[in-house]
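Would you mind keeping the following structure in view while I ask a few things?
A, B, C and D label the chains in the order they appear, each numbered from 1.
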């Protein structure tokens, strides 16, 4: 099955690899999880899984390829997942992997320990997973999946701690990289974020129950009240209506993923006390200030470019309009008629609003440029429709470095910005002007009035800056070369 | 299978019942039809069908429930539909019908005459279908479907004319109501519109081939050039690269459906020489003039209210924003958790952008009010999110009369505007103010500077005015009571 | 979907084309029909259909490809078929047809007349169907299927009779060939056999209700009591617990299909007052008398050759054994490994019982020889297993003529017996001896002590004798040449 | 999905739980495995799996519920299983298990060790699995399935041996009970039988390749030559065309499962140099000698009672006939009509051949009596059909003890023979006479002229004798009470 795509040009976008959700202390916990995962579907469309626990029937699980709405809405699936405690996971299909994902790779993962079972759902990426896996196999562990996240459950199985939360601490202390984890035992819901808090995790309350989720939009769908974010380096263990907190990794300062604000999170979520929509609109305002242009119309590339386009229009005074209409039914690949249709792939997803565009100087606001192939196609469509000029404005800085913290990125040599100057990119795409918001402008849009603190950056912005807050151990082993100087910096930081 | 819905509150919207598409003179005609139907999917989501003709294998057909993208993208379906000539149809599931649609009801319909086969696809509604069917059965015709459109093919089978286009004229002269029909023989593509031209039909050119389609957006997707609309009362017969035109019903003046501008057609289509998007934006401008209000934010109810919201914001100077975010993955019904979630149905489809709404006086622009139930739910969500005031502005006049020309409408007693004054509606919905664009305002927005010509209205606006341009014969037999005076008017018109 | 096959070498067998079943006056009539069709599955494996009538919901139907057990056992199908009156049909996939069967070709067929609806299920073949179809289309009938049986319903639609049974008489009087028909109106169950009674039809009683079925084994499965056969040329109309009988075609003498005894019918059915099993065993006895042989073991080709093998063993005194074991799970085609497996197709279905066969002189009893390809493969297997000698004994005379009365037969030039003498056949197959039961021997086995009455044969044995009791009109038009002299005979018979 | 059943009264039969098959050194090994598993389908109908290895793409696997013919015949499945080495497994659905089998429980199981991957397929039952599993979990192993067979792969993962065959020896030395195992590494095919050789395993040759299989019938289907049985306690490691043999458990004397001869194995298989068919026929001969009766007809309960029925008829001189006809299309459960049909479940599967049975004294030969419920139903059908007398002859001794070596048996209190004398059983079933073959008679039929050697029985016959050759450790822990005296005997044997 070819998955539906969230963004019309999904194949030319960075992707969050997962969304996670858990709830305890409610009747029919799995139904809440299904709803929560549906709200987090933008974080992973390939597959999803739910594990639930019921005192009578024990742990039950269902893992399925495809959308939440197509699997976890059926009585014959949901009826097998009773009980007051459940967690779930949606995952993205990692582009470029040789083999198709097997259903065994779909989380949550489950392990039976002698003190009882435990299921975990992981969002992020373990940068020393290959090394850990090698060691565990040598010691006699049998991996069920090709997923790096499975290391966590094997490390837990081998811990000598007497209870599951302590075993999880043991395990996660050996793990490097970015992780937000939701886990469950027969009686506890557990949430943890890595010391830098790269990936999001929030806590809410619904009735007498508690909820953990990747984003606040998943609280909204079930009518849960947003309490607070789990802090970087914090573990919460929720049981019998009480929340215990601890800091298994010692004190740490967070460096949240700034790209969550730019693209991954839903515009109606709240991150770090800020509306994602408002941040994106503000990026448009910054762009209009940093890279003003004379034009007749501002359009967003739907849907992710829309808030920044509105901000750009408001700041510049140029009218905003729907120059590109998205096909609501976009989906699978059609059989191409023998007579060539120019840009057929794009036409299936978008149509240009010709009467609006014709003869106009158009500012086109998009969220990012990855390979750049999509930008060229959109430019073609706009020009075919008779635009007088096309000015691209990008709501993020140039994406020049791969992410190793749970985002699927092309290799560096595929990233346009890693291989061209902005002028070269403008010419290659073929537009009249091209501008990216500056890194400082982006920091201002997320509320850092002074911009980026170079000495101690407030966010993980490695994809823009090449400044990796955690050494990508496995990648370095495979030959990845970091920006000169940064390894030293990390070594120092590690001392 | 529960169909996906085009509009988040589709069950409280009027629905176009069909989209039609045909092409001749190209290789792989059926692939073009699949693309064209995909672009017309908003006109019918329940089922679709394609008939193709190939000199070697003759007529072949495929009829399927579900989306075009899920059926007519597969090699095992499309491979059975070879040839240079094909037509197709998408249909909407008529709400409220007792029985589910059978696959036999899915068009195109096909009949084998002794001079060869003929397939037809019909958009519209035959107002004397029940009477015709009764007569045909008495004379020995056997109906395959419960669809009224099948009458056309039986009337053709019994015509004494020697060729199919003449038989089609014979048949359509006996039919009353609204119809745009695309038909095909082994060598000809045929298009007809009823004398009033209530439903749309356009012609385009792709390479050496010709295309007929409900809307221009279906020409765009295959890169076809828009030539012109088929005129009210016109028949075109296309064969060997030539287009013959005739007027089987004599001279007539068109009365196109004005609701196509308001809601049915896609915003990127061109109707009557006008951009649908621009018309809708202009309705927003009219609304801002007719019903101004002091407020902090203008939002559209996604997606159909958006263009009018942009127009309202531009005319009023109030900032435009995305106050309501649509879930891109909306779909089937989830199992409701035991603990009641207020407005769960709505939450699956929309989420309010709380940070943007909170504390603001909000103007909410929607396309229409049918039953009004949806308007209440949206108002609840907006207020829950902390809006200070909610002002509804509706981009159409009050919908007070059912449509009998191919649009699925609730009975009159279910139409809010048929039973309440605007003030009562405002109170029942529970908003601070409520205003509809006036009928004249709507006419101005579609380019009639003088508004509606009462003596001889330029459009069919029966759903707003109760002024039915064709007597709904079957409905009158079943006891439907028209607006007093209008029957007389029609009788006079008929003389 | 590749259908499962009833006989291991089904593709080299003659096939009955249909089984029919109807019941009136019971609760849940459609459940009885499902059971009855299941018992008649050997008469048609490709597809099946059921029409039921319920006073509340009217006529409902379901038509499906595949086995009865896979379709008409599901609550979501059966729940749509309520009511006390239902009929059903299973059909065989006619080999050699260019196009795949469409679901529209699956019976029962339904027609709405002005006095109400009527569904019909037909077993047999109409020998003048092509001519009738041509005439009906010229008069304006639209055919839904490519099935000849549909003529009957169109002839009925055009009859001027005032009730459905009379219309059916009108229609069937115009039809030539072999037909057993079960039909239903809203209140009546109707059964008819053609004047010669070529195809079977029996009547039974279950509780207060009445049953019509192709064979008695379908009465057994529902615990119905066998009343009697419908007579050749008889029509029964069953309503309100009463059976009316009439003879619409005047007096006639039956000529039942003798191959029903040999192969088509189930061994546990009763035909003409005789057990099919016993008749087949008796054929084996005749064979042992007509073509005795010295041997060590008698085996049947499973399953249809088994009863005759038992009879042969009993008459000859040679021990009976299971020399060939049938795979109970036989089914679809497997992917053939690169290294050639000799006779893989056969191995999937049968395995030789090597230890039993090795070194023995084996008598192999099979029901018939059609193309002969299967006989060769079985001989190969038996010899590979080490048999000393192989003697084929065939429980029917040489099949030298095609059937035009509802049995799927290869063209004459594909029938081995039409092109070779018995000696040539023996050599071509490669066995030590080959013998067919004589036509008189077969007649004796079915109870005609004097053998075949040449002047006035008791059965239709056209496939053996070339003596066609009804002229195959359409076939003659297409160029089929009958045995010299037989046309004259028929003309005389018709006078 | 409700599985099809191999025996018409499968739910009242003992069941072999698995069939296994492996091949090395051929192109398209997985296609051979699919064929082999198809031939072994009678040993397990619920699910099947294949693992294949290809030097390019490594290990690939497919596990599916349902028949081999429905899953492993499809190009999209088989195409994912390339390479010259593959193994497979079919499994039976263990009746009475609370939860449905998960796909994770379907073998072969796979483990990645640091020296490479290994897949195993196990037929049998590990009698100390619960204890082993407990220990492994305490040491940090994570089980993927609820299957006891998974212990083997975890024991292997923790072995300190440097190659996989040695690790397998390590693991199997810790395992108690009955096992035939086929395993594969990247380059080796491995076969092992437990010291008693309770479950079968044979070796064959196809072209240059080697085959391991549960039964010889699986060699026949691929045209492989039967070489020999793997001996009790033997391990073979096949690689590069060479077979290495070893005896990891030291010297041992086999005690093969005698029920394989009675029911589990296919009649066309060869076991211990004897034809299964001939053995079963011989059991009929023994029965006729031990329990003669005056009667008119001998019938087998299809299909497993047939060979013994033939033997009984031959020895007694009473004619053999097909008194019970099996429905070839039996399958899923039909919806029961409102009016009760007596014994509907039975009627779906079998029909009595009334004309043959009526008025006769019938000897009915069946393979075994487990719960006895089926015997009663068959007796009812035979009497309903008018039989004068019914005499049951059973081709095995009374089944009075559960099997713990890989056969699914009801608890002891459900076994009719554990709770009644033969006379009570006769009365409870309601037949005129009932006789079981004696244990010595059974031994004679399998070729032991002197009958059973009490001091040192030649076979495992625990289900008849209660004499368990291996102490059922887990069962004893759960409270199972062995026949008094037998524990002592085993303890002695163990010293």
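Side notes on the structure shown:
Simple rule for what comes next: contacts are C-beta pairs under 8 Å (C-beta built on N, C-alpha and C of every residue); 3 or more make two chains touch, one makes a residue touch a chain.
Protein identities per chain, from UniProt: A, B, C, D = Amidophosphoribosyltransferase.
All of these numbers come straight from a predicted model, not from anything done at the bench.
The chains in contact with subunit A and with subunit D alike: there are none. Distance between subunit C and subunit D, defined via averaged C-alpha coordinates, is recorded as 38 Å.
Computed centre separation for the pair subunit A/subunit C is 63 angstrom, with centres defined by C-alpha atoms.
For subunit C, no residue reaches two or more other chains under the stated contact definition. In terms of which chains touch, the assembly is arranged as a closed ring, every chain touching its two neighbours and no others. Subunit C makes touch with subunit D in their complex at residues 6, 26-28, 31-32, 34-35, 38-39, 41-42, 45, 67-70, 72-73, 75, 78, 206-207, 217, 220-223, 266-268, 270, 274-275, 277-278, 281, 303, 306-307, 310, 314, 319-322, 325, 327-339, 341-342, 344, 347-348, 351-356. Here subunit C touches subunit B in the complex through residues 103, 111-114, 134, 137-138, 140-144, 153-154, 157-158, going by the rule given at the top.
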